[in-house]
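Below are two complexes that have chain A in common, paired first with chain B and then with chain C.
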Partner chain A sequence: WQKVLYERQPFPDNYVDQRFLEELRKNVHARRYRYRAVVFQSGAVVQQLCSVCVFVLTWWYMAAGALSPQGLFAAALASSLLGYVLFDAVDGGAGRWASGRTRWADLKSTLVFAAFTYGFSPVLKTLTESISTDTIYAMSALMLLGHLIFFDYGANAAIVSSTLSLNMAIFASVCLASRLPRSLHAFVMVTFAMQIFALWPMLQKKLKAQTPRCYVGVTVLFALAALAGLATVSSVGAVLFASLLLAISCLCPYCLIRLQLLKDNIHGPWDEAEIKEDLSRFL
Partner chain B sequence: MDGDCGVLWGKVSPWPLGTGDNGVPWGKLHPWLLGMGDNGVPRGQRGLMGKAKSPPFGDRGQQGPMRRTGSHENNGVPRGKVSPWPLGQGTAGSREDKGIRWGAASTGAHGPPGGWARRSLSAGPAGPRRPSPSPAEGAGRAAGEQRCWVYHCSRVAAMVLKVFFPSCCSSAESGILIGRWISEQNSAVILAVVHFPFIPVQVKQYVSEVQRVTKVNVSVLGSWSNSKQEKEESLSEFLEDLGTIFSHEPWIQISKEGNSKFWSCSTLQKHSNNPKEEEIILVYYDQRKVMLSHLHPPLDTAASTDRKADDASKLSAIFDTVAKSKVLFMTDRYDDGPIKLTHWQSDGVEASIIVELLKQASVPACMLLTFLLSVISGICRSRVLKFWPLSFLWSKLSTCEQLGYRLQHLQVISSNKKAQNESQLMRKANIFVSLLIDVALGILLMSWLYRKNRIGHLADTLIPVADNVAEELQDLLQWLMGAPAGLKMNRALDQVLGRFFLYHIHLWISYIHLMSPFIEMILWYVGLSACLGLTMALCILSDIIALLTFHIYCFYVYGARLYCLKIYGLSSLWRLFRGKKWNVLRQRVDSCSYDLDQLFIGTLLFTILLFLLPTTALYYLVFTLLRLLVVIVQGLIHLLVDLIDSLPLYSIILRLCRSYRLAAGVKFRVLEQQDGKPLRLLMQINPLSYSSVVQTYRLPTYSCYPKDSWTSLCKKLFLGELIYPWKHKGEKQD
Partner chain C sequence: MAAGGPAGGAHSVCMVSDFFYPNMGGVESHVYQLSQCLIERGHKVLVVTHAYGHRKGIRYLTNGLKVYYLPLKVMYNQSTATTLFHSLPLLRYIFVRERVTIVHAHSSFSAMAHDALFHAKTMGLRTVFTDHSLFGFADVSSVLTNKLLTVSLCDTNHIICVSYTSKENTVLRAALDPRIVSVIPNAVDPTDFTPDPSRRDDGIITIVVVSRLVYRKGIDLLSGIIPELCQKYPELHFLVGGEGPKRIVLEEVRERYQLHDRVRLLGALEHQDVRNVLVQGHIFLNTSLTEAFCMAIVEAASCGLQVVSTRVGGIPEVLPENLIILCEPSVKSLCDGLEKAIAQLRSGTIPSPETVHNKVKTFYTWRNVAERTEKVYDRVADEVVLPMDERLGRLMSHCGPVTGYIFALFAVLNFLFLAFLRWMTPDSIIDVAIDATGPKGAWTKQYFWGKKGRVKELPSSKNAQMKRKEHNSH
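After this line comes the complex of A and B, so read on.
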């Protein structure tokens, strides 16, 4: 018997020979993960969760009046400058040289941020006056969740859209800032949101690429700081958040590797129907 | 023609000499050819007889020896006694008979009669194209329905000879028939009857002269005998012999015996050796109506236009023939001639001296009018009025549009160029009548206005009304500045917008109060314009409304602009929010990587616009509703103006009083039948329906309404684009 239709054979057309399944292959493209590597990669998710947590905590303290806007602004400015220096120092200026971006352009962007935010802060202050606070909270929570969903964690998927994720974060920060007591608060809040949602991930990405050990340290430190901050507000929340972080960084990689063993993907001399759906057009 | 005649003479006889001994007619000279009347009455008395016989034309009888049995009614065909088609049992048999007969006429050449009838009905030039298998079935329909067979000439042409006979000639005395032979349709259109006695040469000369004047191929078609007593053998022989003198192929012989309604018809074909029985259909037509009516081409769809046009031309050939030979009926030119005719006789030109005088007077009046109009239009066209603010103003005031429109109309009326065709004439008449009625209504309005100091009252009420409107608006704004309908608006923006609009109202009220002493005077002078026509007064009213509600318009424009800005901003920023952009070159949304600062500013603005949108939208909604109210009022006024401007009143009156003047087609009614006699039909004119009268003769107007569909209007309203009652200049380019 031959697997051809163009020759006359003493079998019916729908005859299937015993040899047919000899060419069956299983799990050809399945990857074997190592536990440590998966934990290392899950650092990005942990970092982003911690960023959101820190942002919400900061807003909380500002709204409660425990944190002065000047202090926060000074701290943010100092950390930004530190981060800016680090950003160039980590790879010795190679990235900057590759992108061709000058320091003048950086300064200009900073000025535009500052000027627009400062100019619009009175508007932001009165923007949502007539809207219920619960609506604002719900909207912010939704937007931050969207930010976490669409964030570029390094995976190659259609759902990833860093632009959308950043915009959602800014939207949430504007909404929350409009609930703060004064316009300076709003200005500082939006500036801080830009730093933590736009600049901080860029630095993280560079650290992860250049110095992985350092990145792990920074992640752990950042997560501990976020947990400590959350503990001052609500201990139950802190416990829950810690368990979430642990689940994401330890339990989820373990599950992934265990489930990988159950993978049963068959390949053979037949044509498979592949569904190639372009999800990006829905976003 | 002369050459033709010569050949004929050579063949037949040396006629002009008058002493023909060649044996044809002279040999047995009939007494009629001498100076004797039909009943032996000497010629001299005939004038008196004519007077006695036809009272309406008695005076004409005295004008000369010529006698015309004129008639407006069709005396020959007793219409009252015509077998009513859709009636019951008594006539059913005969109806069937007719149906079969008609069908049989076609069967000889064309197979199944049903198929023939269907085809012929569908091909008529006008009238209902309702397929009906046979005339009998068509007759069975309700009387109200247009029960008519549309005549399809080409189908019948092959086997049936049709004689169109003017019903006014049915009581004419014996003679020969002159008319036009339409060989393509195998039909003869009889125009008149020439009475005995006559001299053939004179008849031929007369016919050729008629041909020259009317450009219609008129010829002698056959003979007509109307014998009050029983038939005389010698007469019939004589009539047959006439056929050889006036050689026509075929020679039609129609004879009426006594008062019988059924005439016998026969044709004589000299050259064809086989004397095949030819079917003849007698079609009576009202000569006056057919002459005066204007056959309208069918308003058909684009498909198969040429074919239908072809069919229309077949019927219109008959109409044309009658209409062109108007000269034959109208002028008294041939009165003195030795030939006596019977046809429809017009009232003549002498009855309308007043009309003639008016015509004479209208020429200088028109010239004066033309001169004045040219001066006025010259002033209007001068460059001073073309500068920006003025020209803009002119284009927005409906009064100016209407004035220009009326000027154009007056120019059309007063131009001394002759109207080339029927429709242009109709257009002129329509314009004239509409202008006349318009002015009459305007003067009526004016006489009402200027009595009992009504203008003063009007002015006194106008100011309080304007004040009232302004106060209502203020209240509305105060309401909007609070929490209207429990909606949560942005307080700061709300206050800003509210104060802005309140200030406008304040400005408006002070303006009105400044104007108030002059309002009465302005109204008084404006009221005078009503003598230019009701439409002018209405247009001025519309403009006054527009001026008095200018603040509402301003509010609307501000609100719409603001709203439009927000909508467009939000739609483009929403794309930025999703990381997309509008690709202008490909007309689609593409993904795009933005810079960080672009994203930040875009999202900031998006958030702000989104939260401010409800406030703006509410202001926009309220002011748009107000604006729409004003626009609807203005639109109704303009609709009225347009109606007066564009309604073809003359055509409608014509349709009402002289419905045959505007023909859409013809229908044939089958008259009583007798076996062995030709089928008799009565041709009646189908009047044009009112809707198509309006459609055909509607005067074009400047249309001042937006031509948007409802969906596009709603879309515009949603997007905050401005809606104008007048048409944009720029929109035409789109």
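After this line comes the complex of A and C, so read on.
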């Protein structure tokens, strides 16, 4: 028996040969993960959850009047400057040299951004006055959730969109800022959101690539700080948040590795061929 | 009847598919040609499809092939919407009226085909299904379609696939017993595709591509091959027939490399024009990324061209090694394959178009397909249709705990609906249609009976015939 159609063969049409399905391959692209590596990668999710937590806590204290806008602004400015120095220091300026961006350009965009936010902060303050506070809370919660969903954790998936993610976070910050007492509060809140949702992840990414050990340390410290902050507001919340972080960094990797063993993906000659070359060079 | 007549007695076959003339494509011509050859063998055949624009109601095509164009809503890509129930009254009426014994559904993309299988099983009729396409297993859409296919085929009597690869694919997708799956290839009418070396210009080398210009046909690969080879061989020309979204890519390449005089894009081709394009070339190139059974390469080989193709799906099974050069789906491999073909052409070691044609024309004929399909019908006719309780058991045990129970419930509802319809209009008061084809076929006797002596070239100029019918009916 031959696997050909052009010859009449002395077998019935429904004949099943021993070679039936011999080209079947299983789990060709399945990857074996190591537990430690997966836990390390889950750090990105933990970091982002903590960022959201810290952001909401800051807003909470500002709204309660326990945190002055000047104090927050000073602290944020100091940590930003520290981060700025670190950003160039961890890779010895290689990234900056590759992008060709000057410090003057950085300063310019910072000033432009700060000036605009400051100028528009009265508008931000009154922008959502006519909307009920419940709606604002619901919207902020939804937007922060969206920020977490669409954030670029390093996976190559269609759902990932760092632009959308950042926009949702800023939208949430604008919503929450409008419920603060004065326009200076609103200005500080939005700049703080920029720092924690736009600049902080950039620094994290660089730390993760250059000094993995340091990154683990920073993640643990950041998580502990967020937990401590949450504990001062609600101890039940802190316990729940701690278990969420533990589940994400320990339990989920374990599940992934166990479920990976059950993977049963079949491939064969019927699969659509993939074009592996880069054909754009012809155009 | 025709010489000897059908061995296992005449069957009354109802072909069901969303895809039929005036739509054009592989499934459409398969259904038409198979029906014609089955009529020739003395069976009663009718086709059920959905209405195409003003073409609705009952039409008769060549040799009394009766076609029901049902007024069902088209949802997507010429496929009807399915609710699993709404087509039962119409289909039941047809099955009873025409005394159908076997329901033969075509194409897994056709919702009507699956509906018809579902109803036919409820009515206790024998069912056959032909699968024309390949599916992957990796993405969400294929997981869902494969589940539906499992449901649809788990209690179907017999399944026909067009190549061994397609059989493996279908068996895996629908979790079937491979023994109820037959492999019967498609066919090509060799009289439609005859070589004509005088039509080609032997001063140059022409590579012909005839395909829809879509991603799945590998047109991106073609856009890499054209500049690569045109720079190397100044006497090389490309002739591309077909239309589609990827045409723009080819036009860009042509523009970029200034190849307007050497790359001709012909646009959409009518089926009868394909041969006239093919005979102008020396080499036929197929760059498909997936293919269950590639008719295009058989047509090209039948016109005497040297075929170069990607090694995907069922293609390696279709032509013997000396008639085809198989390559990996990459620009480099395909260019190597084409260069090999060009070298053979220059050294004159390629067999003449006439020899190739004479060889290929014996491979695939519709008569052979009909003969083998008839064997499937004979086999199915001896099988028992699962009674309701066993059918429910099969659905529940075979299709998984959730889907199985849901569709078992649907099957019960379908049965109750059928009982209601039988109470409303009992089978006994439904008119019996006059047979156009088959042993008592009115058409066959009047117009075909006397001509049995000469072997009619069936159905060579079918498009012309179709066209004429179309005109007459308006």
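Please note the rule applied: the second predicted complex is superposed on the first by the 265 of 283 C-alpha atoms of A that agree within 3 Å, B and C clash if a C-alpha of one lies under 4 Å from a C-alpha of the other, contacts with A are read in each partner's own complex, and residues count from 1 in each chain.
One rule holds in what follows: contacts are C-beta pairs under 8 Å (C-beta built on N, C-alpha and C of every residue); 3 or more make two chains touch, one makes a residue touch a chain.
Just so it is clear, the structure is predicted and the values come from calculations on it, not from any experiment.
Enquirer: Regarding the shared-chain residue A:20, is it in contact with chain B (first), chain C (second), both, or neither?
Expert: Second partner only.
Enquirer: With both complexes overlaid on chain A, does A:5 touch chain B (first), chain C (second), both or neither?
Expert: In the superposed model, A:5 contacts chain C only, not chain B.
Enquirer: Looking at the overlay, does A:156 come into contact with chain B only (first), chain C only (second), both, or neither?
Expert: Neither partner.
Enquirer: When the two structures are overlaid on chain A, which partner does A:270 contact: first (chain B), second (chain C), both, or neither?
Expert: Second partner only, chain C.
Enquirer: Identify the partner contact of A:112: answer first if only chain B is touched, second if only chain C is, both if each is, neither if none is.
Expert: A:112: touches chain B, not chain C.
Enquirer: Of all the chain A residues, which ones make contact with chain B and with chain C?
Expert: In chain A, positions 283 sit in both the chain B and chain C interfaces.
Enquirer: Which chain A residues qualify as touching chain B in the complex?
Expert: These residues of chain A touch chain B: 109, 112-113, 116-117, 120, 123-124, 126-131, 161-164, 166-167, 170-171, 174-175, 190, 194, 198, 280, 283.
Enquirer: Would you pull the chain B residues touching chain A in the complex into a rising list?
Expert: It comes out as residues 488-492, 576-579, 591, 593-597, 599-604, 606-608, 611-612.
Enquirer: Could you pull out which chain A residues touch chain C in their complex?
Expert: Against chain C, the touching part of chain A is residues 3-6, 12-14, 16, 20-21, 23-24, 265-277, 279, 282-283.
Enquirer: Taking the touch rule as given, give the residues of chain C at its contact with chain A in the complex, in rising order.
Expert: So the residues of chain C touching chain A come out as 134-138, 158, 163-166, 168-169, 171-172, 178-185, 216, 218, 220-221, 223-224, 227-228, 249, 252-253, 256, 289-290, 292-293, 310, 312-314, 316-320, 329-332, 363-364, 372, 375-376.
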